[in-house]
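Per-chain numbering from 1; labels A, B, C and D assigned in written order.
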Amino acid sequence: MTQIVNEDKKNELYAFMDEVSQERRSNSYLIAVLHKVQQLYGYLPQEVMDQVAEKMEIPTSHIWGVATFYHYFNLKPIGKNIVSVCMGTACYVKGADKMLLTLKKELGIEIGETTEDKLFTLQEARCLGACGIAPVMMINGKIYGELDSKKTVDIINQYRKAAQTDIE
Amino acid sequence: MAEEITISINTKEYKVASDQTIMQAADKLGFHIPRLCYHPKLSIEGACRVCIVQVEGMQNYVASCSYPISDGMKIHTNTQDLRRARRDIIELILDNHPLDCHTCERDANCELQRLAASMGIHARHFEGEKKHYEKDLSSDAVIRDPDKCILCGRCVRMCSEIQQVHNLTQAYRGFSTVVMPAYNMPMGESVCTACGQCINVCPTAAFLEKNYTQDLFEKLNDPDTVKVVQFAPSVRAAIGEAFGLAPGRNMEGELVASFRKLGFDYVFDTQFAADLTIMEEASEFLERFQNNGKLPMITSCSSAWMKCMEQFYPDLIDNISTCKSPMSMQGAITKSYFAKKIGVDPKKILSVAVMCCTAKKYEASRPELIVDGMRGVDIVVTTREIAWMIKSAGIDFLNIEHEEADHPLGMSSGAGAIFGATGGVMEAAIRTAYELYTGQTLVDIEIEDIRGLQGVKEGRLEIDGQEIRVAVAHGLGNANNLLETVRKDPTRYHFIEIMGCPGGCVGGGGQPYAQVNAIPLDDVALKKRAEALYDLDRSKTIRRSHENPDIQKLYKEFLQRPLSAVSHKYLHTHYKAKMPVGIVPKTERGSGV
Amino acid sequence: MVTPLEIIRKKRAEAVNRIVSKGYLSTIRVYVGMATCEIAAGSKEVMEVFRQAIANGLTDVYLSQKGCAGRCNLEPTVEVIEEGKIPVKYGRVTPEKAREIVERHLKKGEVITEWAI
Amino acid sequence: MEDVQYKMMLCDGVSCIHNQSKELQSAIESELDKSGIRDAVSIHLSGCLGMCNKGPILIVNPGYTIYGGVGSEDVPEIVQSHLVEGKPVARLVIEEDHLYNRFFRIFGDVDFFGKQMRITLRNCGVIDPENIDDYLSVRGYEALAKVLCDMTPEQVVAEVKKSGLRGRGGAGFPTGLKWGFTAAQKADEKYVICNADEGDPGAFMDRSAIEGDPHTVIEGIIIGGYAVGATKGIVYIRAEYPLAIKRLEKAIEDAREHGFLGKDILGTDFSFDVEIRLGAGAFVCGEETALIHSIEGARGMPRPRPPYPSVSGLFGKPTLINNVETWANIPVIILDGGEWLSSIGTETSKGTKVFALAGKVHNTGLVEVPMGTTLREIVYDIGGGIPNGKKFKAVQTGGPSGGCLPEEYLDTQIDYESLAKAGSIMGSGGMIVIDEESCMVSLARFFIEFTQDESCGKCTPCREGTKRMLEILTRIVEGKGKAGDIEKLERLGSMIKKSSLCGLGQSAPNPVLSTIKNFREEYEEHIEQKKCRAGQCVALLSYVVNDECVGCGACKRICPTGAIEGTRKEKHLILDEKCIRCGQCYDVCKFEAINKV
């Protein structure tokens, strides 16, 4: 099953690379291709970067330099749920640092890390654009606002519960 | 044509050509603006900010390496504010740099150290956290020490722009930026060709050759072995610089004498094996040429090129000469023919090579080169390492009495000497191939078309009414450009020489560091080193490899004839595609690479 | 030859017709803020309430999304423009409030002043 | 044009068009001609004014007289009585109230919108951004048509020059000059780029503009392409803005379908297309050369200039780069004339500026004000002042590149020069209000932590220098500051400013230098007395329960580290060694029973 899924992903990626290779200066689309990889795999696996290198004729070192430069790209597999804490100024002024502390403690991980059960990856974001309801965090694209410690922990627990139900 | 404009530097006016940067203009006028990331052969980085100057009317300082001059520009290179800013910049670099100068290999040879001294940094104001990364000792040739790296980016640009190997990149960013191969792969497993040019351009000790000097001293003290050394042509042409001499002095006599003083029992010359290589290679070429073999034939003397070819050009493997490099031929012959001759078990022979090259350390360890279960060369040290050993052993190198190498593997023709300069192998091969093919002696043996520092050189000659087209490339980047042509037009050339380093072996990754106020890989120095070898050639009576009597003897006594079964066993090898695959980027601009 | 300006005028007339045909001239027009910030504050759910209301038979109402007008701390915002009356803008609208706006304002014409900005 | 005495604004909204506003316009024009005062009156069309039931709407300025239900037959009376004799026609006036002094439907929200002037955001919050018809109905793409019809590229550049518009990305370079440079280059290919890599933490002007009105930006870009001779436009936008990207994609598609993009636009021989490139989370890519590298698929590291992008930019071709807000000004400049825009604002700064107002103010949000508005007006009139009766301390503009201005600078006018003179910068539009509960040293540290984190690492001063500044600031807020630290910060700061490679480094020390300049005593208190007057530096304070405690347990429940003990209805106790000074107990306590000491 996973094999088929992986094959599908690979096909989709190659189709995308074929598409950009039609463009002029096609290797300028590297970042777009890496976005595609991350969209498909959740992170940038080394063997996929190798495939990109070969197909697009871009040295792996160059891809690696780009992949590590941009914070948007994950270099390690990520958890099921990505928790991004907004550390924009508005959120900071309204206590985002405290909330981050709560999250680190609750999840037992630092920024950029993934919990052992692979349920959560903690990230820091620079302004999610929801300053009006600061402080905010985003889980898998959904924004939660006007947080305090309790609310934060409650939300995390909801996701834990959901994962539990999934398993059952 | 550039017009003449007036600029002022430090309140005095000068008339200069307009198409220059501030740094170029200042250099010509005798103002040496301090610099770090700048290298004339590499693209402008503008990163270190050491070369900042004040231009009147501008709010901020500008980097003189990149800023163009304009008419009426008023430049200040040495105000108190500037001096302080530069000093602080250098201090900031030092603050994130290990404070171990006295135990560092680049002590007294370090650009950062020199800059710090010239800035007068006597106190430290801003010390704080320092980066720390593991040293990468995985490669047999090149050590990477990120702690010493000051992120000037010269190695990265060298690796991608000049060598086009694209092994090194800056990864991560900001304070966490590190120079590394893709995926932080160990150097030994990466596409690094071990050419060592990163070492040559590194201002500090972030890249070094793997140092075997202690090991060698140890082994030289072993009474139970026969210690044999060989040394490459380019070593003699450059080692003087490590002793403060100007580039271009041939130090062959001093070297031979020093080797004996260091404890070597036999001193041989790689130039002998160069002659041997020519015998085999010229024969191999003629064989291919006459029998519709795979052409163009490409030389295989350069170890960095060897690895490069296996990773980047697996499709051209059949075009590569099967000849081992001179060093490896010399090693193989030392442990067979020579061992028999002196009646010693070859396992008791310590075969040492002194090379201008870091990649030879890698080559010596290639399993493909093992014959009869033995490596041909046991230890490779670079010109830099041997210079240090000579100093360390207290040998008065500059005043020592000249000595000559030993027989039977120490005598060479002039053709063997010019191996060290780009085009030399081709020139030597032509001298011999011509005679082998036509039975006549080539009179006009100095082939100017393929000498000099042009990236790709072409030549053609006629042998018995047949045109032979040859090409020569030095530096792996130039090689790439040449081979792309070959891929498109396989019949364009018959014979190609490729050397991995700029200028050929004289510009090898193991050559002495640039002298104070000199630029690493300066073209003038490279030319002078090459000139020393051409002088050596001219000074010899025997200038064609096949005329070398010791070579003739070797064939008579041992190898029978070029390309014989014995030759194949000892002097030839094979190549295979290697992982990881090397990728040369598309040439169009737009990848930023 | 038709000039670009003539083309654009024609295009605008067509666009206006399309908008009108979608019910723009209804007695009441409702605009729901649908920018990232508004959505983060819950405007999607609010939009859904209005959509449902129309699906369930509320007539003479033109519903549209709009971008962010900049009132971050009052989002999600809903604007009700009624023929002949001063437009009303509601702030911090929840689905519950939205339902009440439907019932009281849209159906009965009562402006819920305490929620208006 | 000097003679214009009246500006008439004719509603051009959907309803009003239906109510024959077009006929009205020609009627007015012919009547003006008849009265011989054509030159004294300018007529502008505006988007829907929101009074559709009373359309067609006509507004006469000055005086903001609003006429409703105007028919062609009323025109002679209006012209004669109002414009010639100065007496408004009372029977047609529907409101004569400054509340309606807005272009758009922003009624009933006077405090917030009263002092604003919406030009670039004119359609934001008004039209449906995903419906090109909405945009077309508010004169969308008319500027493009006008340019293609009546103007040469040189004239377009001249019009932009005339407007006095300056780059809204922060540095304030005159836009027209930039256009002129790029236009003057001879090249086989040129590019225009829209910089939508908005990265200031707490600023979201560009996101809002694109989400609310993507076509305005696209129209601006096409006009720019026409003016400088480019055939390709690129919008470089943060990947973190999925909705903006989606709307932009939709808008580009729709524009293509309508023939505003692609080959032979609107029947002319001008061809141009726009594509989107995504950023990937690097603030430095807002710097134009870094942005170019990023589009080229490389690490987003800046390079030394010159050459400037206008000479050698994307793929080595002449490239014009402006930010979203700048582009959004373009259609207005074309439609209403550069002169009109230059009539707004101050001597050196024309038009309006959008700010993301955040922090300790009542009304947080996006505001667009004419240049020349004072900080006080923004903070107090628009922002509604400081909540919870706290005292104003400073306003921060320009985000991590800007500075903090204290009370005495509140009457500073918003323009590039005045803000710079006061020690801050215009920046891209972040504006954060700070009250007495915020520590200026911490704030400076917050910003330098940001720039340190976002430093690309290329040049020494920024890479190493900001790191050392951060270390010094960290030890100050942790109560470990040493004598001489302030001087070190100043020395490093001024060196980094003058020596760094790009704008990020050159402006990185600003938050520190400006807070040292204006709040030096706070730094000194931290260092000498180990005291934080704002009570924000956690290492310098602890929380204790006083006798007001009723033992409700609220603090105990919220404490994330279990540092509070106590039985119900009895006074609680904070265990100092467990307390992480998050302050949540302090916030949650309803009885003021917790003190910061």
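FYI, contacts are C-beta pairs under 8 Å (C-beta built on N, C-alpha and C of every residue); 3 or more make two chains touch, one makes a residue touch a chain.
Worth saying up front: this structure is predicted, and the values here are computed from it rather than measured.
Colleague: Check every other chain and keep only those touching both chain B and chain D; list them.
Modeller: A
Colleague: Would you say C-D or A-C is joined by more C-beta pairs in contact?
Modeller: Ranking A-C and C-D by C-beta contacts puts C-D first.
Colleague: Taking each chain's centre as the mean of its C-alpha atoms, which one lies nearest the mean of all protein C-alpha atoms here?
Modeller: Most central by this criterion: A.
Colleague: Based only on mean CA positions, could you tell me how far chain A sits from chain C in angstrom?
Modeller: Chain centres of chain A and chain C, defined by C-alpha means, are spaced 34 Å apart.
Colleague: Just give me the whole-number Å value for how far the CA centre of chain C lies from that of chain D.
Modeller: A distance of 25 Å separates the two centres.
Colleague: Just curious, how far off is chain B from chain A if you go by their C-alpha centres, in Å?
Modeller: Computed from C-alpha means, the inter-chain centre distance equals 44 Å.
Colleague: Between chain B and chain C, what's the gap in Å when you average each chain's C-alpha atoms?
Modeller: 73
Colleague: Got the chain B residues that touch at least 2 other chains?
Modeller: If we look for residues of chain B contacting two or more partner chains, we find 170, 172-173, 589-593.
Colleague: Send over the residues of chain A in touch with two or more other chains.
Modeller: Within chain A, residues 25, 27-28, 30, 58, 62, 65, 69, 128-129, 131-132 contact more than one other chain.
Colleague: Multi-chain contacts only, two chains or more: what residues does chain D have there?
Modeller: Only 204, 207-208, 241-242, 282, 296-299, 315, 358, 364-365, 456 qualify.
Colleague: Among the chains present, which pairs are found to touch?
Modeller: A-B, A-C, A-D, B-D, C-D
Colleague: Quick one: which bits of chain A touch chain B in the complex? Just the residue numbers, please.
Modeller: 25-28, 30, 46, 49-50, 53-54, 57-65, 68-69
Colleague: Which bits of chain B are touching chain D when the two form their complex?
Modeller: 44-50, 52, 59-63, 65-68, 84-85, 88-89, 92-93, 95-96, 125-126, 128-129, 150-151, 153, 170, 172-177, 589-593
Colleague: Going by the contact rule set out above, which residues of chain A touch chain D in the complex?
Modeller: Within the complex, chain A contacts chain D at residues 25, 27-32, 34-35, 58, 62, 65-66, 69-73, 87-93, 95, 98, 101-102, 105-106, 125-129, 131-132, 134, 141, 148-150.
Colleague: Mind pulling up the chain C residues that touch chain D in the complex?
Modeller: Touch list, chain C to chain D: 1-5, 7-8, 11-16, 18-20, 24-25, 33, 35-37, 39, 64-74, 77, 79, 81-89, 116-117.
Colleague: Where on chain D is chain B touching in the complex?
Modeller: Against chain B, the touching part of chain D is residues 282, 293, 296-299, 303-304, 306, 315-316, 452-461, 463-465, 467-468, 471-472, 488, 491-492, 495, 497-501, 506.
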